[in-house]
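Structures incoming, each one as structure tokens.
Presented sequentially are two complexes of chain A, the first with chain B as partner and the second with chain C.
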Partner chain A sequence: MRHKSKLQRVPYTFVLPALLLYLMFFIYPSIQSFYYALTDWNGINPDFNFVGMENFLGLMDNMRFQAAFKNTLLYAVGLTLGQAIFGLLFALLLHGGFKGQSFFRSVFFSPQIMSLLAIGYIWAYIYDPTTGSLNTILNSLGLSGMAKNWLGDLDLALWSVIAVSIWQGAGWCMLIFLANLQSVPKDLYEAASIDGAGTFKQFLNVTFPLLGPAITITLVTGMINGLKAFDLIMSMTKGGPGYATESISTVMYDTAFTRNLFGEAQAMGMIMFIVIFIITIIQLTALRKREVDV
Partner chain B sequence: MFKRLTFGLLISAFLILAACGSNGNANSENESDNKSADSSIELKVSLTAQDMSGLETLAKQYESENEGVTINVDRAPDNQFKQTLGAQLASQEAPDLFVQWPGLSKIGLSIDAGYLADLNDVAPLKNIDESLLKGFSKEEKVYGIPWSKNYLAMFYNKDVFEKNQIEIPTDWESFLAACEKLKAAGVTPIALAGKEAWNVQLPWYALAPSTVYAQDQDWDQKRFDNEVQFATSDSWKTVAQQYNQLFQNGYFDENTLGISYESAKTALGTGQAAMMIDGNWSIGGYEEIAKANNIEIGMFALPGNQAGEDIWLSSAPSTGLAVWSGGKQQEAAKKFLAYVFSDENYLTLIGPGQFSTLKTVQPESAEITADIVDVVQNAPSYQFLDIGWPAGPNVDAFNQGTQAALGKATTFEELLTVADQSWDKAVR
Partner chain C sequence: MMRTTSIWKSYIRWAIVALLSVFYLYPLYMLTVLSLKTNEQMFASAFGLKGGFHFTNYVEAWTRSNFGQALFNSSLISIVSVSFIILFGAMASYPLARRSGKLSVLLSLFFVVGLIVPVQLNLIPLFKMMNSLQLNQSQLGVILLYISFGMPLTIFLFSSFMRSLPMELEEAAQIDGSSSVGIFFKILLPLLKPVAASVLILQFLHIWNDFFLPVVFLNTDSLRTVQVAVYSFSGRYSNDWAHMFPMIVICVAPVMLLYIFLQRYIISGIMSGAVKG
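Up next is the complex of A and B:
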């Protein structure tokens, strides 16, 4: 009996080095940040004061943070739904087994392998109102009415950024959906068609319910990525014009590194952590419930 | 389960305690180490990518003249530099010399933290204009030495000005007249890079000295003392009106908020736009554009003044070199500082196209600066607005806030209220 319990301890010893590293470089700083969120630390001075909940209360009447909060939610929902819908569409189109299928799969997936920063800079050029290719193409097609000030219009800028994020993310969702589609048994379709179901009915009653796992993954990770939005916004608009495309992460970055208000920035980080945590829990419980087994 | 929870909580409590405890005794360690043998001295210098282009050359020269001295110069882009330096200072392993940005919310933080050595006894200080040292000083002590003088200017396409027979404007009315003439000729008078918040703030910086600070140089101090406010001050209202005038009269491109710095420069080069506001540190870029488009580009000071009044220049020191107060080689570091700022070496240090901070050295003026050189050397000036301000009002009102005004989501006059609120919040 004693011998057995000693053996049981062996795996823990192997875990220890990794665990220690993880504790030291992730858990410890994370816990520290809980503490710094309650101080007025400026990131430079080793002396700082404990200010209690002041940083959190200050965010309540901070216009910029509120704008960023709203934008972040919009961005996350827009990105999640957009990339899931386009991803599903691409997956259904490229599932049949026709010629050139893998070529199109690679094409749709390719934005995913580029760095978000590079994508941001490229699209910033494309969106340029006077010299950008988007407006140039629209103008030469005689559609100058549709040529917009894509990133300069206060009402449009956020949606222009969301569109790029969908363009980038749809390929990844397509891949998840494709993998899931492989696992849908063929006989279910046969049975459905014998029962007289058309293509649309088959999709609605066979494909869609069985795509549960893929939908869960794309919606949850999409939401988390959306709520953390930073790279694209930083490279395309830096949060501007005004606060039109500001996200929690960009405000947090600016608060910490430009204004040297690390305490306040940590408080924003805490709020972001809590929001992501709650939303993810809700999503997981709701989505898991509707997943069905074959 | 309960045991595990308790264990987890204990660990986190321990870690928090460790976090609080480690800050106390950091400063005392280094003082005893300050004495060290002079025989071999190793100095570390940390710089941003563009500052003081000649420093490496001078370091080599200094090494060959002083046996046993080695100087390591490190450069990094601004943000990377700031973050590395912050970590190095916190862990008491900073370089002996490094650059700092002027202003209360920049070098001021390092001064308050006790990281910087007092430089009052370093020789070249007496040759530097006091107004340039103000941004690096606290309570009569200087903690950084600026290497160059920066200023804002209107870069203008000389060919477009000539073609439309426009003289360089010297007061607000003549500036408006020039803009009107250009607009009538189908040229965008001012290429404002509205996509970049920092470019949008520059008209405020350039206009306020002639209006606000020409009347009252202590305005910032009075704002700190709560004697004045942006929103109730007539001079600030005038500045807001001036900016608004440029916007309402259509002197910026109608898509200005979507225009990046690069496309604004392109517009200036091709003659689609006639002027662009920028700092002298970008001169190199404009010379390239002029060459590429086979045009001439000149510079003048944006005149916010009324006719008959003085034009005030928006001018400020560049970054300055500071000495780490925890360094073991502070005397050697100061000696090297005096060496690079000596009259013989100074021009090598700053590189071409820069304006001198030393009263004793005047660099040759380049062709592009010919029109503005007199103003830079002789006109009264006031520093860049953010230098004397707490962090906050500048970003909230004059960067992104101004973008909102250009997008008609707010007005220029309302921005002054935003600036007040932001100021009060920052100094609370």
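Up next is the complex of A and C:
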């Protein structure tokens, strides 16, 4: 809705700097990427061959990539659900005149402003089986049985990394939920409590259904970020032990820049894009529908 | 009766929040304390209260890693990129917000699509392009990439804000004979301050903290950013913690200080960026 304006038409020349850069460094390489995924380019040699679907077929029996693919999905789902649940918990704890709200809000949010690489190193140290604080604290509490080789254990390593990603992302979700909670009309709660609904029932029947927009944002961006996982893994485990914590990004990076298989790496990048694209579309349609129903 | 239960409830709530915040404050505490310890002192000391503090870690790590250069590189890249992101983003948003034709809708959509494309898709062709333009291992190259990648979110934020601004000021300026360039710089740009602040914060944090682009395009000693410099201290199987922690502190400190003083703006800036979903 725009009222009729006497304003002269703003010339499109204003778009040019942004558009030219965007076309050149974003759109053009995106289109080219479809081509490179079908070649055997090694990153250096100017001559390379068109190999059809070979890169993609090769990935089907590449154990390392398959481990990475599975890990990436687990990581993305774990991160997305974990950070949304903890974010919602933080928001509910701090919501509604909690003393010290702004201080604790800043505390829970603080990992958001730090680099994931730095966070990864800090937690890698905390997780260290012999010198790390986690096991030291567990031992001094007499809980030596719970002390583990957090990043060295094949079954545990991925979950230890996911836990840190949740720790990092929960504060962001908390903010989104807090903003959404502020928009829930107070008289709805009054009506519910007159009807005799307890705190838990109020949450389930009044609050939760109205959190649709926040849930959509946190789940969609959580998955996109999770599927790109790179920094945390590089600083915590470098993909190890074995392939236990490899992600699509870490394998792709290694495939291109240590093994010089750029075509194969591009096929991985392509698969990641397709997965992100499909999951985002599914999530947006499903979640938006839910928002409207409410 | 009601009153006592609600007081108890608020105590329990406070206790839970306090306990949870320990999980958030402890890593920062540990980082700061351990950055002042030698490798031997770190052993089995979760709270780091034993032994003295050694600022020599900082001195050693700083000189061994050329960290001053890395700080300069990170600052240069972040500041230049963010300035152009704001300028080009605001310029592009002007016609997109003020015109209603099909082309304007189409262009807006074209930029928004960029929000779901991961860098990983573009990486290989970009690597080739940067090589042939001689922009690989160059700060200019990475700056151009950050500006381009920053456009989708920035244009989305600027143009939605601009649409909410009344047009009367621009109309008045036009009657006074101002050109659209004059209107943009003298009237519109100053009005954009609140969103520009959000964009500045979001993009600065993103670029300062980014590891993926610099590790690919700026991995030589003299060009690397703080993130790559920290990474260069890590080994395949073990890390040189006594030298890494001081570097991590220096890499986190600038954004932490900004956060402590400007947290209100940073939080609201990031909130407005969150609507991109």
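The rule is simple: the second predicted complex is superposed on the first by the 280 of 294 C-alpha atoms of A that agree within 3 Å, B and C clash if a C-alpha of one lies under 4 Å from a C-alpha of the other, contacts with A are read in each partner's own complex, and residues count from 1 in each chain.
Convention: a residue touches a chain if its C-beta (ideal position, glycine included) is under 8 Å from a C-beta of that chain, and two chains touch if they have at least 3 such contacts.
Since we're looking at a predicted model, the values are computed, not measured.
With both structures placed on the common chain, the touch criterion links A:243 to chain B but leaves chain C unconnected. In the superposed model, A:131 lies in contact with both chain B and chain C. Contacts of A:150 after superposition: chain B is touched, whereas chain C is not reached.
In the superposed model, A:183 lies in contact with neither chain B nor chain C.
Applying the stated contact rule after C-alpha superposition, one finds that A:45 touches chain B and leaves chain C untouched. Touched residues of chain A were counted for both chain B and chain C, and C has more of them.
Of the two partner chains placed by the overlay, only chain C lies in contact with A:235; chain B stays clear of it. In the superposition on chain A, A:64 makes contact with chain B only, not with chain C. In the superposition on chain A, A:260 makes contact with chain B only, not with chain C. Chain A residues in contact with chain B (one complex) as well as with chain C (other complex) are 28, 32, 43, 124, 130-131, 238, 257. Considering their complex, residues 13-14, 16-17, 20-21, 23-28, 30-31, 34, 42-47, 88-89, 91-92, 94-96, 98-100, 103, 107, 111, 114, 116-129, 144-145, 147-149, 151-152, 155, 163, 167, 170-171, 174, 180, 184, 205, 208-212, 215-216, 227, 230-231, 234, 236, 239, 241, 244-245, 248, 251-252, 255-256, 258-259, 263, 266-267, 270-271, 274-277 of chain C touch chain A. Residue ranges on chain A touching chain C, taken from their complex, read 2-3, 5-12, 14-15, 17-19, 21-22, 24-26, 28-30, 32-33, 36, 41, 43, 90, 93-94, 98-100, 104-119, 121-126, 130-131, 133, 136-137, 140, 167, 171-172, 175-176, 179, 216-218, 220-221, 224, 227-228, 230-231, 234-235, 238, 248-249, 252-253, 256-257, 262-263, 265-266, 268-270, 272-273, 276-277, 280.
Residues of chain A touching chain B in their complex: 23, 27-28, 31-32, 34-35, 42-47, 58, 64, 124, 127-131, 149-154, 237-244, 246, 254, 257-261.
By the touch rule above, chain B contacts chain A in their complex via residues 11-12, 15-16, 19-20, 23, 26-27, 79, 82-83, 86, 89-90, 105, 109-110, 112-113, 115, 194-197, 253, 255-260, 263, 266-267, 391-392, 395-396, 400-401, 403-404, 406-410, 425.
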